[in-house]
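After this come two complexes, each holding subunit A, first together with subunit B and then together with subunit C.
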Partner chain A sequence: MVRALPPLLLLGVLAILPLSDLGPNSVKVLFLTFVAVATSVGWNILGGFAGQVSFGFAVFYGLGAYTTAVGINLGVSPYATYPLASAVAAVASLLVGLPTFRLRGPYFAIATIGVSEATRVIMTNLEFTGGASGYRITEHVPFRQIEHYYTGLALASLAVAVSIIVRRSRFGLGLRAIRDDQEAAADIGVNPYAYKLGAHAIAAALTGAAGGVYARYAAFIDPEGVFGFPRSVGILLMPVIGGVNTISGPVIGGGVYGVIEEELVARFPQLHLLLYGVLVMLIILFEPGGVIGLLQRARRLALRRKVASWQPS
Partner chain B sequence: MTVVDFLNLLIAALLLAGTYAAMAVGMTVIYGVMKIVNLAHAGFLMMGAYFVYELHERAGINPLVAVVLAFPVFYFVGMIVHWALGRGVPVSDTPTLASLLLMFGLWLVLQNVGYLVWGTDDRAILTPMTFATIRFGEITIPKIGLVVFASAVVSLAALEFVLHKTWFGRSIRALIQNRYSCRIVGIPVERTARLTFGLGIAFAGAAGGLLALLYPFSPDFGRPFLLRSFVIIVLGGLESFSGVFVGSLILALVETFSILIVPSSYQPAISFSLLVIALIVLPGGVAGFVARRRRLA
Partner chain C sequence: MATLLSVEDLTKYFSGLVALDRVSFEIREGEIVGLIGPNGAGKTTLFSIIAGSQAPTSGKISFEGRDFTRVKPFRAVHEGIARTHQIPKPFLSMTVHENVEVGLRFGRDRRARNLENEALEILELVGIPSLARMPAAALSVGDLKRLELARTLAARPRLLLCDEVCAGLTESEMQSILGLLRRIQALGTTVIYVEHNLRAIVSTCHHVIVLNFGKKLAEGPPEKMQNDPAVIEAYIGKKT
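Up next, the complex of A and B:
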């Protein structure tokens, strides 16, 4: 119960925050951060829990974005398009996963680069969504930023909830077994292929919904933006920075990324990727646990100090 | 399609294959010895391109001389990188995700340093040869393609010589086969790994310079070629040097002749699709496939 308190408190603060006089720019940054957190948490279900690093999550993000975009333009209610975006992304994840999960580790990772680049090329040439020049969403209701804010918050909360449920379930235990030792997992009756496909589908569904929520806010999407390699890179970097294979790591990573991204991209478009590159290298070399790992290390250090300075009275 | 068209395409494919082989071989040596999937290969290809470009533009050095200069320069760069990343790039038996992500981070750094230094504009190295062609009746051969092909072949021949005739080359091949036995017979594994990493990066840099003579480039130059390199070494069976030639030839032929069937806007998807197919259908590469068929027969 005590452990659940800080996250719930955070959620409460975020829920009432817009009531105070936040500028539209801060609301925008927070909204984008929520979307980032949702994708980050989604990626972690496959990349963290199951240990299958994918460079291809832009495929699901983009498909979700385009599904929502087309849906809204056809007159479907935006909220009905989000589950649809999830479903499309999940189906796509099966199509991607069926062949590529026959590969392991780095081979899988490289294959996903191929899949995402191929998808981008196809979407760039697809006439019906406007090809490379992008796709505009026209909604016949006034733009209300606060509505987007709460949609984003709900999405991020949903993602975290799913992540916690997966983590605590038998299914999540199976994923962890696969991550640690695929052969041993298979020996005790965990079907690695099916489990990975499941994790991939859940992760893709969350990412697809995030793409949809983003698309409605942006009102304009193009293949380079939602399917581009930098998008995949971003989705992968957030959990790695925050700390893979944890619940809160991807949330922290997504938060850091969302806020920094908005501030840095505008001013130094190249510097932020450079920064992320350096960060990833430092993390792999010195603290594979990411921000979470650092915090744990600091806590251990503090504890050791306390023990060392303890004097019997 | 006439015979002349066919011959033109075939020659184009062969010239391309030579360049591809030089491009992919750096990735193979590093993978073979250290089992690192070197995603930073893309970054070093790009750096090689700009290295040649700068020497050509500023110092007026002939691009081919600059490519030769790229070998020692990038060799040292590679060794420094290996030294700096020491604990992140251990010699291991299976590829690890940690080293993959590490190399990925290095790629991001190189790419964005490229953006900071040279901006986003496309550059090209133009020489009198760039648009020149050699004609044999109706068959035309681009001069620059021929020169690049020749340089690639020369560098690959030199590599073959090093691999088969020197102590260093033999220890590389031994390391690819079995690193435990290497320790027993007294091959310094870590030192050889460092030299190999240097060698791989040297080839990446020089190949990047050669590619820059053929195509315009920007700091994102390496990405499509990274995937092509990976297609090639997967087709070739990941660790075999002769496999690299087979893989390059297959990729070049497929890419060149697919022009006849696939619309040009979908061209970039070909190598990626081939990669996925190769990874799934031919896990042991073409050589592995042939060996399996032979066993079955």
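Up next, the complex of A and C:
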């Protein structure tokens, strides 16, 4: 229960924070961070828990965004469009997963890039959603930033809750077994194909909802923005920064990314993808555990110092 | 006793190379059956096909009278066939206890129950109860073999396929593993046991099947196989 205290405290602070006089820009950054955290935590369920690295999560983000956008314009309540966005993304994840989960490791990763790019091209040429020129959401209610803030916070909390539940369940144990050794998992009774599809669907549902929540805030989306390859890389990068295959790692990674991403894109519009690439390589080379790995390393070091300086009295 | 497993004309080609050539045999319930043969005789391939990790080129397998020829590995486990691997394949991110828990929660009997106690019972049976909280990655080769066996037993198999559980172990470790196999059999599990060591086979098995170059060379009681000229020739070579 002690371990549950810091995250609950953080949640409490974030819940009452808007009561203080935050500027609209800070609220915006926090909102985008919540969306980032939700996608990061979602990706980690497949990429971390089950160890299946996908470069194709923009597909689910984008489909969620477009589902909400089209839904709102058709007069559906925004809050009813989010589950719809999840459902569309989850169905898409099955269609993507059925062929690609026959592949392993890097081959799976490459296949997801292909699916992601194909989806982007289709959406760029889809007349009904305006193609490459994008799609505008028209709502006949006044824009209230604080409503978006709380929607984002609720979404991020939901994602973390789902992640904890999955981690502790029998399903989560099966995913860990698959991550460690897929053959051994199958030989002890785990159905790897079905479990990977399940993890993919849960991850996609969270990512789709995040896309929907983002779309309503942005009020304008275009294929390059929500389906683009940088989006896929960004979603993968967050849990890698924070520490894959943990509960808090993807939250930390999403937090870091959400805060710095806007700034990076604004300052280095052409270069930011290159920066991500370098960052990923540095993390994989020096600390595959991400921020969480670094913290653990620091703790071990501190402990060793303590032991070394210990004097019998 | 009743036939538990029957294998009929099982053949497996690896792109032109024949690994198993029309192998047929039956396993009766409750026995420990030894499967021996020189390196490359097809023992592990036979195991993989029975456990469902590989599909045969032709032939038929039935388990308790039902067709199991192209069964998926996890389905085979749910129905009661589980295997160990020659080189242990532990889940390295987990503790010893968690490894066993995977077997308990995904094996044949998946009802909710007291996992803690059952896992400990199995670890006691294989002789490593004190290692329950250790990370699997920290275990020695001998203990990894015990863990492999513990995890497979946790799946509650009716037919246990044991692939060279004694290879690389010391004499005393081997004796304790053989004793363990006898205890597992006494508890009602049928065992097929791949082994190089003839002495281990003779001291443990009721029945022996000899493979050579993918073909069944002979089968019978262990004492008889030990003195069979064809078997001796396959193992040691022809007398000059």
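Keep this in mind: the second predicted complex is superposed on the first by the 307 of 313 C-alpha atoms of A that agree within 3 Å, B and C clash if a C-alpha of one lies under 4 Å from a C-alpha of the other, contacts with A are read in each partner's own complex, and residues count from 1 in each chain.
Quick note on the criterion: contacts are C-beta pairs under 8 Å (C-beta built on N, C-alpha and C of every residue); 3 or more make two chains touch, one makes a residue touch a chain.
Just so you know, these numbers come straight off a predicted model, no measurement behind them.
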item: Which superposed partner A:P106 touches (first subunit B, second subunit C, both, neither); value: first
item: Which of subunit B and subunit C A:E127 touches, first, second, both or neither; value: neither
item: Which of subunit B and subunit C A:R170 touches, first, second, both or neither; value: second
item: Contacts of A:N191 with subunit B and subunit C, given as first, second, both or neither; value: second
item: First (subunit B), second (subunit C), both or neither touched by A:D21; value: neither
item: Subunit B versus subunit C as contact partner of A:E183, first or second or both or neither; value: second
item: Those residues of subunit A which subunit B touches in one complex and subunit C touches in the other; value: none
item: Parts of subunit C lying in touch with subunit A, wherever the complex brings them together; value: 51, 53, 72-74, 77-78, 82-83, 85, 89-94, 98, 101-103, 105-108, 151-152, 154-155
item: Sites on subunit A touched by subunit B in the complex; value: 51, 53, 99-100, 102-103, 105-107, 109-111, 113-115, 117-118, 121-122, 124-125, 229, 233, 240, 270-271, 273-274, 276-281, 284-285, 288
item: Touch list for subunit A against partner subunit C, complex; value: 170, 173-174, 176-177, 179-181, 183-192, 245
item: Subunit A-touching residues of subunit B, taken from the complex the two chains share; value: 37, 85, 87-88, 94-98, 100-102, 104-113, 115-116, 223, 227, 230, 263, 265-266, 268-269, 271-273, 275-276, 279-280, 283
